[in-house]
Amino acid sequence: MSSLLDLSPQVSALKDKLETFVNERCIPAEGDYECHVAKFSGADRWSIAAVPPVIEQLKSEAQALGFWNLFLPRPVPDHLMSRDDVSVPMAPSMYLSNREYGILCEIMGRSTLAPEACNCSAPDTGNMEVLLKHGTIDQQREYLKPLLRGFMRSAFLMTEPDVASSDARNLRAKLTKLVGDDGRVKYVLNGRKWWSTGAMDPRCGVALVVAEMDHGQSSVTSPKGKDQPKRGNQTVVIVPMSRPGIKCVRPLTVFGYDDAPHGHAEVLLENVELDESAVILGEGRGFEISQSRLGPGRIHHCMRAVGLAARCYELMLERTLTRQAFGKYLCEHGSCRELIADSASDLEAARLLTLACAEDIDRLGARGARGKIALIKTTVPELTSRVIDRAVQIFGGAGVSGDFPLARALVGLRTLRIADGPDAVHKQSLALMELKKTKKRMQSRI
Amino acid sequence: MSSLLDLSPQVSALKDKLETFVNERCIPAEGDYECHVAKFSGADRWSIAAVPPVIEQLKSEAQALGFWNLFLPRPVPDHLMSRDDVSVPMAPSMYLSNREYGILCEIMGRSTLAPEACNCSAPDTGNMEVLLKHGTIDQQREYLKPLLRGFMRSAFLMTEPDVASSDARNLRAKLTKLVGDDGRVKYVLNGRKWWSTGAMDPRCGVALVVAEMDHGQSSVTSPKGKDQPKRGNQTVVIVPMSRPGIKCVRPLTVFGYDDAPHGHAEVLLENVELDESAVILGEGRGFEISQSRLGPGRIHHCMRAVGLAARCYELMLERTLTRQAFGKYLCEHGSCRELIADSASDLEAARLLTLACAEDIDRLGARGARGKIALIKTTVPELTSRVIDRAVQIFGGAGVSGDFPLARALVGLRTLRIADGPDAVHKQSLALMELKKTKKRMQSRI
Amino acid sequence: MSSLLDLSPQVSALKDKLETFVNERCIPAEGDYECHVAKFSGADRWSIAAVPPVIEQLKSEAQALGFWNLFLPRPVPDHLMSRDDVSVPMAPSMYLSNREYGILCEIMGRSTLAPEACNCSAPDTGNMEVLLKHGTIDQQREYLKPLLRGFMRSAFLMTEPDVASSDARNLRAKLTKLVGDDGRVKYVLNGRKWWSTGAMDPRCGVALVVAEMDHGQSSVTSPKGKDQPKRGNQTVVIVPMSRPGIKCVRPLTVFGYDDAPHGHAEVLLENVELDESAVILGEGRGFEISQSRLGPGRIHHCMRAVGLAARCYELMLERTLTRQAFGKYLCEHGSCRELIADSASDLEAARLLTLACAEDIDRLGARGARGKIALIKTTVPELTSRVIDRAVQIFGGAGVSGDFPLARALVGLRTLRIADGPDAVHKQSLALMELKKTKKRMQSRI
Amino acid sequence: MSSLLDLSPQVSALKDKLETFVNERCIPAEGDYECHVAKFSGADRWSIAAVPPVIEQLKSEAQALGFWNLFLPRPVPDHLMSRDDVSVPMAPSMYLSNREYGILCEIMGRSTLAPEACNCSAPDTGNMEVLLKHGTIDQQREYLKPLLRGFMRSAFLMTEPDVASSDARNLRAKLTKLVGDDGRVKYVLNGRKWWSTGAMDPRCGVALVVAEMDHGQSSVTSPKGKDQPKRGNQTVVIVPMSRPGIKCVRPLTVFGYDDAPHGHAEVLLENVELDESAVILGEGRGFEISQSRLGPGRIHHCMRAVGLAARCYELMLERTLTRQAFGKYLCEHGSCRELIADSASDLEAARLLTLACAEDIDRLGARGARGKIALIKTTVPELTSRVIDRAVQIFGGAGVSGDFPLARALVGLRTLRIADGPDAVHKQSLALMELKKTKKRMQSRI
């Protein structure tokens, strides 16, 4: 077993317990969860009634067992904790390195329910990180505290339907700054967002919204890119979902799945009024925030993808041992064994790449590891997709149905090649970094 | 333009009209269709109310325009036609060769509504072919006539949840023959089927069911294949959906889509009683029927897949001409152009393979062309999937959503690699045929 | 069998005879040919002694049988023919369409010797086409005539080692025009070329050279492309290999093969003096010539690639029927059968794409078909390479050795993805044409 | 940087020196080496004169610098060492773990000369390991000692031309045991081997030969595998190359390269007489030996493959920064950047897989790690081939020529997918191990 998988005895014990929790509690509850949601239709699917009680049950269990907010890289400030708060790890040893968290996050990724059960699910983790790192004490008290406790969920509104979101500068949502007669600053937010994951969740209390500062002059986007709004124009604001003017227009589907009651929304922002306390970090610092937010988010996605693929891979292996065709077990067919071997390779590569990247972040920081982050963001979804695609093929009709997690997993990973920036963008970034290193090497030789 | 695409002036004119009909009538109606169905939930999705009126409208139009039952390879018997029947082509020239139909079927495949609008959709075409070729006059009068007129839909029940359906001999549904005191023969049908496309459709009037003859003795399937039930045991029977004992247990989803109101059902057959007139062609001739049924079915799927991919390809091209990222149109990015070129190649290869195979059937018969049929059954879904996958990637979030036909198309083609036999089975067959030819060549050399 | 493969009875008979000639005369002679060449080393490999006598024998046979210059699209002018000339087809019916030639060229492609034996090998065919189309009567008498008769071979010098030849405008060879005191025009040619196929062949009598016109002023190539020499600057000149100043610097190897005595040379051109009669078509018309020359050349390469892959595929099939591993014949292993089926698909697709493209040229002209030409130029080498790669894998050690044609074939096709422009260039061109068509379609809709 | 790459200060210093040695001494010497060999033709290519003096020079340097026999897993027995022997590492700390050696072996793999320069090249390392592990003191003195000192080279004769060597039981070379009148045992060896790497090397002093014990009775190989000779029949014997009856029939080429003066031979063994001291480990223990020998050999190949691909990758990056096409540097073309990014991913995955496997061997032993060994044996050559294939494409004509190491590297890695067992065999083994683990997991659940 590779040292990339080494854990201290404490974390190792935690991992074993987590494995049991995921396999014996979360996975068996998935059917329940789906059945509960399936009872609702139309707008009711986004009502509090549609939230399956089992998830709250699992959250309590996870909290009790200590699998809570494991994504947190370091202790939270005292003002966020009460004396006997169980919402964050008590023992310092439980603040995990990225590599350690990667190993545990892979296990959570095996079940669609485990990340939420452990309060480690997107987009909340990213939002909590932003608030922890950049939030004022007030912002932390109001929003971070309930998020850490799992009392509330949140959304992150960046992508827009009207522009190619592969280019992060391509935003049209506008934040207009107004100064009142009393000298008090007010902001008005307008725009249309989509793929706002969790915005329709009845438990969603707050959204972080990325918008362009509108300085009055018209900033028509020119096709030639020269006059494009600069990155320095983006600002992130905190918007409570109850604020007038914010409206979930419709749920989006992902290959036919609406993922209710969490889902993905198209959100209209019409003259949403905010005061100065809504701005995170400062005007024009949005690009910085969204980049830092996406860094770890990208690798958490990869970690979960590995876990999901590992589960599908195991299901595939079991299937080949129990189904027959043409007079022998599937696993006795040579071509079926090739699928198994190829999947073992893909899975191993995906896991090593992910953990080595996590270790790079531990050693070099997210900025120093951004080449590797770009690398795994495109490679791991592809590798894990291939594993699941083979599993689907071996399951046949059952593989594309709702009876197994395979179909859902396959389209989930397909979507991951688009979410947080399509492959093309990350490949360009990675290549640019490699070219820069090469230039340096060439110069040093002269 | 390749001669594979050549058409007589008459058929060419028909093609132009069909193109207009599909592009201007069917494609624009798809949104309507979906909106109508989306209003229904639960069991109502399978009610007659859920059938969008627009489809009946399109059927009338198609019939009036002469795009009706174009799949028919030859005139139907007189007893099926009334004097001024518009349900079948009147002019002999309108009985199309497989290659000609392939060109038109590709066009229908562009829209999810066109095949049904033209009474050329699965599984009805396959069932009509079976009835036309093998049905008695009574069977034809009762079932084929309403199908040809589009008054009724039908299902084909072969695949079973309990056994690997890749092996067509692997059936457990049983047809027990009983001889009454009066000497009259009766059959009792028992079994469980799934992926019974259209069985839950409120318009579905009849199912063709493949079952094993049960000759009394226990026929336990041995893992070693030696004692497996022989192909000669399979029988196809006609079962009206109203018959007691036939029950649609639940709808299945395909990657999150339930495809209501047509859909895919799991069907329980409990002591369904049938008399002798229900048997098609004769006891033990089921394998023969299902093979002949699937031959053309397989290539119709491929034809439609090419049409669907062509539509997605065009959408992708248009998208790259209208969206910008990083200061230029997507089509100005070199890596995006590679996706276009690769897709053009894949699409061209898929189209040529399909039409050349259709021409082989025209020249050699389905049996003579079965190597090519196996070849395109695995190759065309893969080639066309790649085209659509690239389109999804270029569309980003919009590509996986319900706003464009891409997401639905991608999982539809993924499913096609499983339906009517998974790739592995067809590849084995193709290889065996190639090896047989090689042996012959080697022997002729000695 | 697809209509793309249909032939008139006359051509069909020719095809049968050609098949026999290639299989029974050319293929068995390959070993001889290689053994003969292997006796020579160093510079001797490029001597007339190194030319295997068997090739002249095969040329006589091919000429006698009427497989001579079949690539010719139309009768040659009378001044090139003597009364009973056997060097060109006599019967008008023997001037083949591109599609017909494609079928025969595939057969020639099966053997490394057949194209030369039939006087249909690169680069001679391209050069003959240029001279036939654009040469003056004098140029045709002096150079085309011996080429048509197979008395001489030729080279085409375009690619240069110092610049990326993917960009055809990127040439540095210079043609300087000087006007003498007597008013007579003279040209001086300077430059360095490589991948000059056949230039070291002892039978090579003439080279067609592409060079930039040097108008005196310095034309430093700027990196930004704006001041790049225009296409209109290129000129093609005829240079007899005996002319002073032309020097083959060294043979190049292709993955370890030097392909002696034909080979690929690096050629230095130092103050090669030429008079006006050396210019083909006129100054500045080089781009036009090299494009028209490459068009058919590209598809001939594809045709031969299909033939070569077909031969390797057959060898693979035979191997699987005669070798055993793990107690059964290779063909009985399921994973081996998948390789066979995948290869059958790739080969069929490659063949259909090539012939459909040839038919497009027949119907629309090379210009009208240039999208398809670009398409097959990238797709067919890839498809056929895959077939051969699988054959290599099945042959194991024998596959990479010199005992079978597989290793040579594989690297030959790998090289084809670079020769006549790398894939990337053709993909960009194809995409641009597709985008142009799309724009038109979009405009017509408004 | 991943912990998989961590080294102790001592080994890290060694690594830095090795890097300098490979980059500044070995790589620049490659041209020399090739030029020297190119002067010889025919049989002379296998003469001692053809061995480039530069390699002996590099060997001295490597020995002096301490890069000698680094592959050795542990100190050699005293009887193999003289007092001030420099042929083996003196410091215990210099006995490297497999992971550490992997990092250094990757660096050696960058140059075709470095492994031999460091006395770490195949097949000698494998043979030395066998002799070290299983040899008698006499065998070690006679053969291991000169090998360790680099005074001699060796060969390993297993593969045979007449049978599929993918199946290691499939051997026909026979070892007949004879007992003389004096009671002394004698063996007679007969057979034909090929791909006997290094057997034609003029410095090759000894071959290890795998043969079947011939117990007198005819052991006709039956196609059905039931009566196949068992593994227990294989025996490994030591055969000095000077022994009568051993004859190198011919050199084999690998995609046109003969790799002289080392090369790959076809070897005929005709009545080679041996006495009891020639047997390693004992009669019938050949399978055991060849398996243990191949284990580390497989991963050394992978390590070198990563180094070679890394070098090609760097060359590709540099090329894109210095060549222009269409008015900009190659690295400014988006499609070129995708090739870079994909290669970075493939290379990173290959490296991690290889080092993680090496670490598995360190922790679990070769037997415990054999699943991972099978995994990387198929995956790493594929991943690294892709990197080099892209480099070839970017270099264009230069890439397939002898001017850069790319062409040689590409076919070398292609061959690696066959050497030491084709991919298919390793995939089957890996799948079987995965299935066994799965069965266990399933049983533990009940």
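Observations on the structure shown:
A, B, C and D label the chains in the order they appear, each numbered from 1.
Throughout what follows, a residue touches a chain if its C-beta (ideal position, glycine included) is under 8 Å from a C-beta of that chain, and two chains touch if they have at least 3 such contacts.
Remember, predicted model here, so these are calculated numbers, not experimental data.
For chain A, the chain with the farthest CA centroid is C.
Interface comparison, B-D versus A-B: the higher count of C-beta contacts falls to A-B. Averaging Cα coordinates per chain places chain A and chain D 44 Å apart.
Distance between chain B and chain D, defined via averaged C-alpha coordinates, is recorded as 53 Å. Centre-to-centre separation of chain A and chain B, using mean CA positions: 39 Å. Multi-chain contact residues of chain B, defined as those touching 2 or more other chains: 333-338, 424, 427-428. By the touch criterion given at the top, residues 41-42, 159, 161, 163-167, 170, 194-195, 221, 223-226, 228, 252-257, 323-330, 333, 335-336, 389, 392-393, 396-403, 407-408, 410-411, 414-415, 417-419, 422-424, 427-428 of chain C touch chain D in their complex. Contacts from chain B toward chain C in the complex involve residues 1-4, 314, 317-318, 320-321, 331, 334, 337-338, 340-342, 344-345, 348-349, 352-353, 356, 359-360, 363-364, 371-372, 374-375, 378-379, 424, 426-428, 430-432, 434-435, 438-439, 441-442.
Of all residues in chain C, only 333-338 touch chain A in the complex they form.
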